[in-house]
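Some structures to go through are shown next.
Both of the next two complexes hold chain A, though its partner changes from chain B to chain C.
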Partner chain A sequence: MSSFIIGSLIVMAVLAMLLGIVLAVASKVFHVDVDPRIEQVDELLPGANCGGCGLAGCAAAAEKIVAGDAAPSICPVCGDDARAEIYELLGMSSEETEPHIARMLCGGGTGCKDKEEYHGVEDCRAAVLIQEGPKACHFACVGLSSCVEACPFEAIFIGDDGLPHVIEERCTACGACERVCPRGVIAVMPAKRTVWVKCQSHDKGKVVNKICKTGCIACRRCEKECPVDAIHVIDNLAVIDYEKCILCGKCAKVCPKNTIVDLRARRRAEKKAKEAEAAGKPA
Partner chain B sequence: MNLQLILQIAILNLFVQNFVVQRFLGLCPFIGQSDDKHKAIGMGIAVTFVMTMASFVTYLLYAYFLVPDSWFLRTVFGPGAGITEAGLLDVLVTVSYILVIASLVQFVEMFLRRFVPTLYRAMGIYLALITTNCAVMGVALLNTTDAPQDLGLTGAVLQGVFAGLGFTLVMLLMAGIRERLEYLNVPPCFKGAPIAFLCTGLMALAFLGFAGMAGLG
Partner chain C sequence: MLKTFQGGVHPPEKKELARDQAIEPFPAPPEVVLYLSQHIGAPAQPAVEKGDTVKKGQVVGEAGGFVSAPVHASISGTVKAIEPRPHPLGGDQPAVVIESDGKGEWAEDVNDERDWSGMSASDVRDAIQAAGIVGMGGATFPTHVKLSPMDGKPIHDLVINCAECEPYLTCDYRQMIEQTEEIVAGLRILMKATGAENGWIAIEANKPDAFDRFVAATEDDPDITVEMLEVKYPQGAEHQITAALLGREIPSGGLPLDIGVICQNTGTTVAVYEALRYNRPLIERVVTVTGEGVERPGNLRVPLGTPVGAILEAAGLRDGVNKLVLGGPMMGLAQYTPEVSVTKGTSGILALVDAEVYDWRACIRCGRCVDACPWQLVPSYLSIICEAKNVDAIQASDIMDCKECGCCTYVCPSRRPIVHLVKYGKGELARLRAEEQDRKAED
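Moving on to the complex of A and B:
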């Protein structure tokens, strides 16, 4: 019996030694120098692997940041504290980066007419391949929730108006929705831009007026109202130049189709409505 | 080793007794890595390499160390000793084979990390999991203790190569199917692995058509 134990031990010892030597040699031959800072930066990154930076996950981003090919600000999800720590780790000076957020650039939804019924795959990318999509407007949101599915943070939902809505507290500006949208009607932009044009249609005003309740009809009233000459109708669509824009919201006020959103005005109105409700209740 | 035998081993392992769809071995990496053609090819090549090397090493281990009356036992314990008569197969087959396979996987991992880092990252945990891939262990056992007749070293290595190629073939077929499945309106409860398993079952049925080919069974 003991000879079995001894025999087994010898066989395993010899085998283990041989394989150990092979692996030891291999680890020298195939040695990869890894910068220890890469791991440290990787730990500071969120680790959600959302792809918001456009790279294949946080590990790839960490590698690029350490190599100096990318600034730590490429990570849109990272908090300011973590970002500051990364800057410190790499001995770079910290710079303020402004928070971004995903915003809808189409206000059509149920207010935008359907030109046909669509019974295919429930995916915007598939839908737009057939006859430019089911919506009468060829620039409009199709509303088949590709962005909702793409969002890794469940920050987008389809509202009653048939349009995707972004839950601001959850949005990390990773850009997954922007990349998946075949129409480009959801985009990541600086959160401080509280005034924006919620239309992408370059159709003539007459056409837009017929098919959409909220589309830009290129009436140029915003252009005339703007005190700083920041909004212009280019190719039948109002475009804001954010270099000049002071976010006064005057354009939103005069827009006959409510195409331009003024978030601050909307919030003020909501607050007022709430106060009125609160005041109205006890009475 | 004549040409006919080589062809027989090739057809047997590629089609008739394909490791994935006929022997149902190595289903974990098969399902896990077959959603993308590049990953499937990478996984297939890695598994083929590990299978080939494992076949080679385990056959030597088997023939010179573990079988009754082997070279090792005769030299160490002398002919006619109890252990020489009985051999070490019952005791050591599993543990020593696993050791060999694990080391080979480690080797492949280091190699890929050095030379193909993108593939290394894409494969992630599945690379390390080749260690516990039953197809690799399966080919080692089928070459040695479970072989219908003694294959010899060349036969064992050939079986390893073609078993790996058979695995790669089915991986690629599956990757092609799954890339198309992505765009189909699959009922939500079948999305992902379930529909992949259904397709694998159908593929296995199709592969049954090869049964009896070249007088093999």
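Moving on to the complex of A and C:
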């Protein structure tokens, strides 16, 4: 009995040795050089696989960056620190990038009339296939949350006004929302642009006034008010030239339809309201 | 056994509403809206300006290319505006708006009897192109393009599609009864233009009187065969009618031309005859006004550009209409406003009462849509991958073979909007391909 056990042990030991030798030889013969930097770069990338770079996930981006096929700045999501580290790792000089953010370019929502009852597939791109979508304005946000679904960072939600809202702290400017929007009313732009026109309609003012509470009616008051000649009504829509714009917000103040957003003025007002509330409460 | 194809459905026909109403001319409206895009292909370019006086049959829009068709004034009067107006296909599209002068005068160089027997095949095609004739079943593909020979593919069979398989519609049927001779003459013209040896007239079995008329009219012509087909939707689709009639299948992504066949709609054939015989451009068409919401259903010869609202008003609307469809109930398009106007492809105006709205649920994989699909696709699977936005699966699927006939949606017990999902999937596919092309162009 014991000889049987000893015999099989010897057989197993010999087999293990032989296989070990085969594996050792194979690892030498079939050795593949993996650049250790790929893994390092991959670790520095956000790992959300959002596709913002246009490649199949972060690992693919890391491979391309190390191979030199893509710029280390290809990832729109990573912060400046991570980007600087990637540049350092590759021995390249880093460059500062401007922070970007997704902004809504339509203020319609519930203030924009519906022209039909829509009972189809709940998706913006499916809805615009049928009679240009349920909204009376053919430039407006459809509001069926394609961007919300597309956002890999859960940075967008549909508010009570029927419009998508971007949570600034979460938005990484990957551009996934911009790519799925059939109307192009959500767009990634430099975060420092605190003044922008929240309308994309090229319809005539009379038409816009009838169907939307906040659409640009091309009244040109902003044009007259602008101290640096940076805003112009082109094809029935106010357009800001950011080369000239000094973000003073005067256009937003005079806009009769509140089409132009001035983020800084809005924040100031919110702060004031909060302070007033805080001051009012104890009394 | 009547000839037919595999798959398909048989919805209630509802043709009795309007089938016995003879075609009546609809009086010229005070204003017509002629869209510059009433066909597949490049939109027409305006040939008149605001303020111009135009006469009936005058060109108001020149063809914008080879795959395009001219648009002619359907009434005489003055051009009021050239501006975007709501289009039945969705959105506002440029249109020539003509205000009537009430005279209905024809332009000088049209509406004359002529002898077409001496014309060559290419002359016939040119005349059809000049008359602005497009497929009047609803697809509105320019007829001259369809008839033009393509890289050495000979045409053997010319099929006049008299199936009219869409429920409710009777405009083709009325023309079969009232204009039998014209249709047969049109078929002969088309055979001449294409060099086809065999002419076919294919009729669904629910129109036996039309069948008898055609048999009588073609008795002495051995080249023309009149055939009766089973009553089934979509018997009138090109793929299905060729499969039923000739037993030949059109390859995936191909045209009837690939198997030496051309199919023409009944109304188109009449228009071809009138264009050749009387030099009359396409400025009016027969439209069936029907549905449970219409007091006086009928078949009307309507000048193109007539507002749908005016026609409905004349026919009388009942209470409770909650859906307006242009075309048949299976493939027609629901409208949000009666302000749209009749185009070359408007075969029917349907006012439906108490059209139900359904909630839809998950696919239960019962397979009814698979049985019904006349293209032998698996609609349930297509709807699932489109719903999941699985672009890889969509790309690998045969989704482009779907012609959106709606049989699957009609039979689905889960009330899934399969056609809408497939439409969405096709859109995604097109977007993906465009993106890929952009990337290639960048590289």
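One rule holds in what follows: the second predicted complex is superposed on the first by the 245 of 283 C-alpha atoms of A that agree within 3 Å, B and C clash if a C-alpha of one lies under 4 Å from a C-alpha of the other, contacts with A are read in each partner's own complex, and residues count from 1 in each chain.
Methods note: a residue touches a chain if its C-beta (ideal position, glycine included) is under 8 Å from a C-beta of that chain, and two chains touch if they have at least 3 such contacts.
The structure presented is a predicted model; accordingly, all values stated were derived computationally and were not measured.
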Practice item. Applying the touch criterion given at the start, work out whether A:130 contacts chain B, chain C, both or neither, answering first, second, both or neither. Key: second
Practice item. Considering only touches as defined above, state whether A:67 meets chain B (first), chain C (second), both or neither. Key: neither
Check your understanding: For A:276, is the partner it touches chain B (first), chain C (second), both, or none of the two (neither)?
Key -> neither
Review point. When both complexes are superposed, which of chain B and chain C contacts more residues belonging to chain A?
Key: B
Review point. If you stack the two complexes on chain A, which partner ends up touching A:121: first (chain B), second (chain C), both, or neither?
Key: both
Exercise for review: Report for A:246: first if it touches chain B alone, second if chain C alone, otherwise both or neither.
Suggested key: neither
Check your understanding: If you stack the two complexes on chain A, which partner ends up touching A:13: first (chain B), second (chain C), both, or neither?
Key -> neither
Review point. Which partner does A:138 reach: the first (chain B), the second (chain C), both, or neither?
Key: second
Exercise for review: For A:23, decide between first (touching chain B), second (touching chain C), both and neither.
Suggested key: first
Check your understanding: Both chain B and chain C contact which residues of chain A?
Key -> 120-121, 126
Practice item. Write out the stretch or stretches of chain C touching chain A in their complex. Key: 90-92, 333-337, 357-358, 387, 417, 420-421, 423-424, 427-428, 439
Check your understanding: What residues on chain B touch chain A, complex-wise?
Key -> 61, 65-66, 72-73, 76-77, 81-83, 86, 88, 91-92, 95-96, 99-100, 103, 106-107, 110-111, 113-115, 117, 121, 183-185
**Study point:** Complex contacts: residues of chain A adjacent to chain C
**Key:** 54, 115-117, 119-121, 123, 125-126, 129-132, 138
Practice item. Under the touch definition given earlier, write down the residues of chain A that touch chain B in their complex. Key: 3-4, 7-8, 10-12, 15-16, 19-20, 22-23, 26-27, 30-32, 56-57, 59-60, 120-122, 126
